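Note that the chains are named A, B, C and D in the order they appear, and that numbering of residues resets to 1 at the start of each chain.
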Amino acid sequence: MNLASKPSALERATRSDAQRLGRPLTGWRLKLYTVIFEADTPAGRTFDLLLISLILASVTVVMLDSVAGYRQRWGPVFDALEWAFTVLFTLEYIARLSCVMRPLRYARSIFGIIDLLAILPTYLSLLVPGLHALIDVRVLRLLRLFRVLKLGAYVEEYGMLGRALLASRRKILVFLSFVLLVMVVMGTLMYVVEGPANGFHSIPVSVYWAITTMTTVGFGDITPKTELGRFIASAMMLLGWGTLAVPTGIVSAEFTALRVRREPTTRTCPACLSVGHEPSARFCRDCGARLPRYFTDTEA
Amino acid sequence: MNLASKPSALERATRSDAQRLGRPLTGWRLKLYTVIFEADTPAGRTFDLLLISLILASVTVVMLDSVAGYRQRWGPVFDALEWAFTVLFTLEYIARLSCVMRPLRYARSIFGIIDLLAILPTYLSLLVPGLHALIDVRVLRLLRLFRVLKLGAYVEEYGMLGRALLASRRKILVFLSFVLLVMVVMGTLMYVVEGPANGFHSIPVSVYWAITTMTTVGFGDITPKTELGRFIASAMMLLGWGTLAVPTGIVSAEFTALRVRREPTTRTCPACLSVGHEPSARFCRDCGARLPRYFTDTEA
Amino acid sequence: MNLASKPSALERATRSDAQRLGRPLTGWRLKLYTVIFEADTPAGRTFDLLLISLILASVTVVMLDSVAGYRQRWGPVFDALEWAFTVLFTLEYIARLSCVMRPLRYARSIFGIIDLLAILPTYLSLLVPGLHALIDVRVLRLLRLFRVLKLGAYVEEYGMLGRALLASRRKILVFLSFVLLVMVVMGTLMYVVEGPANGFHSIPVSVYWAITTMTTVGFGDITPKTELGRFIASAMMLLGWGTLAVPTGIVSAEFTALRVRREPTTRTCPACLSVGHEPSARFCRDCGARLPRYFTDTEA
Amino acid sequence: MNLASKPSALERATRSDAQRLGRPLTGWRLKLYTVIFEADTPAGRTFDLLLISLILASVTVVMLDSVAGYRQRWGPVFDALEWAFTVLFTLEYIARLSCVMRPLRYARSIFGIIDLLAILPTYLSLLVPGLHALIDVRVLRLLRLFRVLKLGAYVEEYGMLGRALLASRRKILVFLSFVLLVMVVMGTLMYVVEGPANGFHSIPVSVYWAITTMTTVGFGDITPKTELGRFIASAMMLLGWGTLAVPTGIVSAEFTALRVRREPTTRTCPACLSVGHEPSARFCRDCGARLPRYFTDTEA
């Protein structure tokens, strides 16, 4: 084979990885690996698109299958399609196992487990016929989309979203714990004020209602009937409505900080003429020269 | 005619366009074009205002016509008005076709199709009497407002909104796909937990309910009844409520970046006529000339 | 009177105003004016607090009076209190009229009309007994709070809120018109899809439902029943939910711009050492000296 | 005892505090104080974790106890657990009283009162058997979590949230008073338009409905039925929906101002140990020393 005599950059990189990580990939295994795990080659891109279509189609079948009317009419068609999807996903699972360097490590990774969960329920339903609930685990096939999308064009966006949320995770946690505490206390208060006669059957139910109200969902299956209850509910709604400003403010601030960070600032180094030095800096961050004294607006 | 002997700047520009694009506009066609497509002349402004009134009036008639009580009482009046509007819009459509340089190109453009959709249903209802649903396509006449407003004073605002949303379109798409995935998985979970007995008849219905809940709409036509279902629903509400912070944060960051970058001020230098000087500035930043004393809007 | 022999600063200012505006205020009229319209004197502050209490008490009585049970039990008490409030507000109205320099101008101002609306309904109810609806105009007495609060400590905050909203009023208008257009089109679509059989009785009702849904209020009095209707509704909810980010982003950007404007920047004038010059400035805004060339981060 | 012969830094600090504040802590009281009030020692951390578990467990029991089904089945178990929790909290209360320097001052502090409220209801229920409502005060035990969490790692986050909200408290107050005023006026308007026949029984009920609608909660227990009512309701929803942008904008601006002002980074200068250097800096901004190569979190 010509490819073997003069290895491509990818092949060399894969080989050096292989030397570090285990058995080197060659021949059909390398080809399969390129198709399945690479997104930049035409074959890899085709494979990804095919896989996305398969996942979406199989989830659509699972969803339509749950509608009583469709089930009655096209039950056998759905079953046949389901088996076709399962066989294809099984083949893909085997292919993945066979072309990675460390099959066991892949099988125990998060994506490996999701891949297994995508095919297992159908086989299990053969053994245990009444396994209805487990069947719906197949919707988790959607999680497989993450792997495909991760390889695509959206990596950067995902990363930025993640970093911003990670940066404010403690603020969000503190806020959420505080909100939950208020919701539990308010729910209990409403249980005492309204009582089981008005639909607030127990404290857990009242807390569920408090969450419904303060997140502004407001199902209306349980509503306050007494005057005091309605007054407290009004206060809760206003509180919940206004409180939404806090997580939004936290995330907005993070995003704005990320977005605005590269705004041009004007403090200039006298030695290398680089700009954008912080107000409190005393030395240039690019050449280490001493910066002239800084006068703030407020000092002036 | 005097106008013909000494062509105006507009006329000359239109003519040079015409030389590039096709048959030149002259005489009544140029006049008509100026009235219909230009917004800066008194005639053009009057035409636009008239068109806006006509569109709003015709849509109001369509809406009132759908109310059973009004239909019974003023049916013939509504029909007469509808024919009047249709005839006027038809005349306008013909006028537009006749004064543009490339009629076919206009007819196939988005606005050309919307203009046709505005008049077609009424004529079609004459041929096919039972065409009730198609009749309501006439509400799409509202889309015609965009053309008129586009020519008006709001162009810049539209442009800024569009740019900010365009700049964050990929972040929004990634976010939306992630949210939809969570909603499908949560909806399926609720279908398994609550089941058809509690109103969660199928997975599509449960996903519809999940969207209802996580967007904090909360119709209340379907609500969880079991304890576990209510617990999961509570988690979903908190998640959906908090998640709203993410698109808001994205858009806020974009708008803030656009807004902070260039402050729109109107202070003008008397020497070099440059604008946008800060309220506290005493000298022009572009030519160094002394600026006149600054009066704020609120002082005046 | 001693006060008359040596006029205070306030008195002199009022007099000079009077010379410009009409009949000068002296004696008891000046004293009354100081108590009623000034907020910085102890008497003025006491008067304001009393007025706020009166307004809140009278509105509370109007509200309780509307509850059938309370009306039945304390009807005469409510009527007596109402007359007491009306007499007091009438006296205040007369006092205001008598101590301003141009009574007619005050009577025709917005606050003058609100003051009249606060007392008129009670007198009218004496003439026309069945005037129930008009009676509730008395709740507009709450608007009188604005005048009192305006004189208080919150002026600055109100002003900032107003400026930020005013600055983005055109963006908000464009956005709102676009949202309304989408709501009308979507409501009509749902009327066609669901129809009167499922509660979507007419286009206006369907548009009302569309507004209910897209603002995430979700009463649940009307809900889609068909599959297609639920699918469209889901799309509408997601759209409305995400769209909320736009006005929030606009207002956030305005507030942030106002809040961040005074952030210290570091471009320094070589002549007067003032800092905070804009990146594009060529001359110092404080002394007019030429600024050294500016290097941006992106250039480097 | 060895500890007494050579006092630790903590002990010395506590002693000097004691000289200033009252009777010095020594022997078992100092040890107890260290365990209960200190969070940095292993014993203190264990105590805090134990207390958090106890609080959460006791509140869970209170909540489950309110569910009729569970109460019937495990009533005696719940009572036994409740007494166990009460005895433990009582012991803790006594321990706290005995090891602080000024027991009375602690007993009258907010946390002292909450601690008492956590144990009192159970003892009172022994004396007054029918005291159901008071029993639920025990949920306030959750407030005790604040003390424990305050000692933990979240102090800084709480502080920042608090400062940002405090900084915008007047803006929020003005906004809230304005919103409430609009809600009262709109509620009254709807009472006049819809009337008791359509569920708007009185002005307070209508104001409750107005709050439900404008905060986008939308229970749906009361809904407008007339055309005018629905039109006004639509306007209210749009207003409430858009108005949410204002508090969000205020808080976002505060957070952004706080966030942009000082980026929290951990890059440390090897020469002067200053932290917070920018990712792209090559020299220390405080001493001019060369910084080691920068590895981002994602690279590592």
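Definition applied: contacts are C-beta pairs under 8 Å (C-beta built on N, C-alpha and C of every residue); 3 or more make two chains touch, one makes a residue touch a chain.
Composition by chain, UniProt nomenclature: A, B, C, D = Ion transporter.
Please read these numbers as outputs of a predicted model, since none were measured by experiment.
S.K.: Over half of the interface residue numbers used by both chain A and chain B, so same, or under half, so different?
M.R.: different
S.K.: With chain centres set to the mean of the C-alpha atoms, which chain is at the far end from chain D?
M.R.: Following the centroid criterion, the farthest chain would be B.
S.K.: Need the CA-centroid distance for the pair chain A / chain D, whole Å please.
M.R.: 28
S.K.: Using mean C-alpha positions as chain centres, tell me how far chain A is from chain B in Å, no decimals.
M.R.: So the centre of chain A lies 32 Å away from the centre of chain B.
S.K.: So what's the Cα centroid distance for chain B and chain D, whole Å?
M.R.: Centre-to-centre distance between chain B and chain D: 44 Å.
S.K.: Let me have the rounded angstrom distance from the C-alpha centre of chain A over to the C-alpha centre of chain C, please.
M.R.: Roughly 42 Å, centre to centre.
S.K.: Mind pulling the chain C residues that touch 2 or more other chains?
M.R.: 204, 207, 216-220, 244, 248, 250, 252, 254, 256, 260, 277, in rising order.
S.K.: Please give the residue numbers of chain C that touch chain A in the complex, ascending.
M.R.: Residue positions touching the partner: 216-220, 248, 252, 256, 262, 264-268, 273-277, 279, 292, 294-298, 300.
S.K.: Report the residues of chain C in contact with chain B in the complex, numbered from low to high.
M.R.: Spelled out, the residues of chain C in touch with chain B are 159, 170-171, 173-175, 177, 181, 184-185, 188, 191-192, 196, 201-204, 207, 213, 216-220, 223, 227, 230-231, 233-234, 237-238, 240-242, 244-246, 248-250, 252-254, 256-257, 260-261, 277-278, 280-290.
S.K.: Which of the residues in chain B end up touching chain C in this complex?
M.R.: Chain B residues touching chain C: 59, 62-64, 66-68, 133, 136, 139-140, 142-143, 145, 149, 154, 157-158, 160-161, 164-165, 172, 176, 179-180, 204-205, 207-208, 211-212, 215-221, 244, 247-248, 250-252, 254-256, 258-260, 263, 277-278, 280-290, 298.
S.K.: Under the touch definition given earlier, write down the residues of chain B that touch chain D in their complex.
M.R.: On the chain B side, the touching residues are 216-220, 248, 252, 256.
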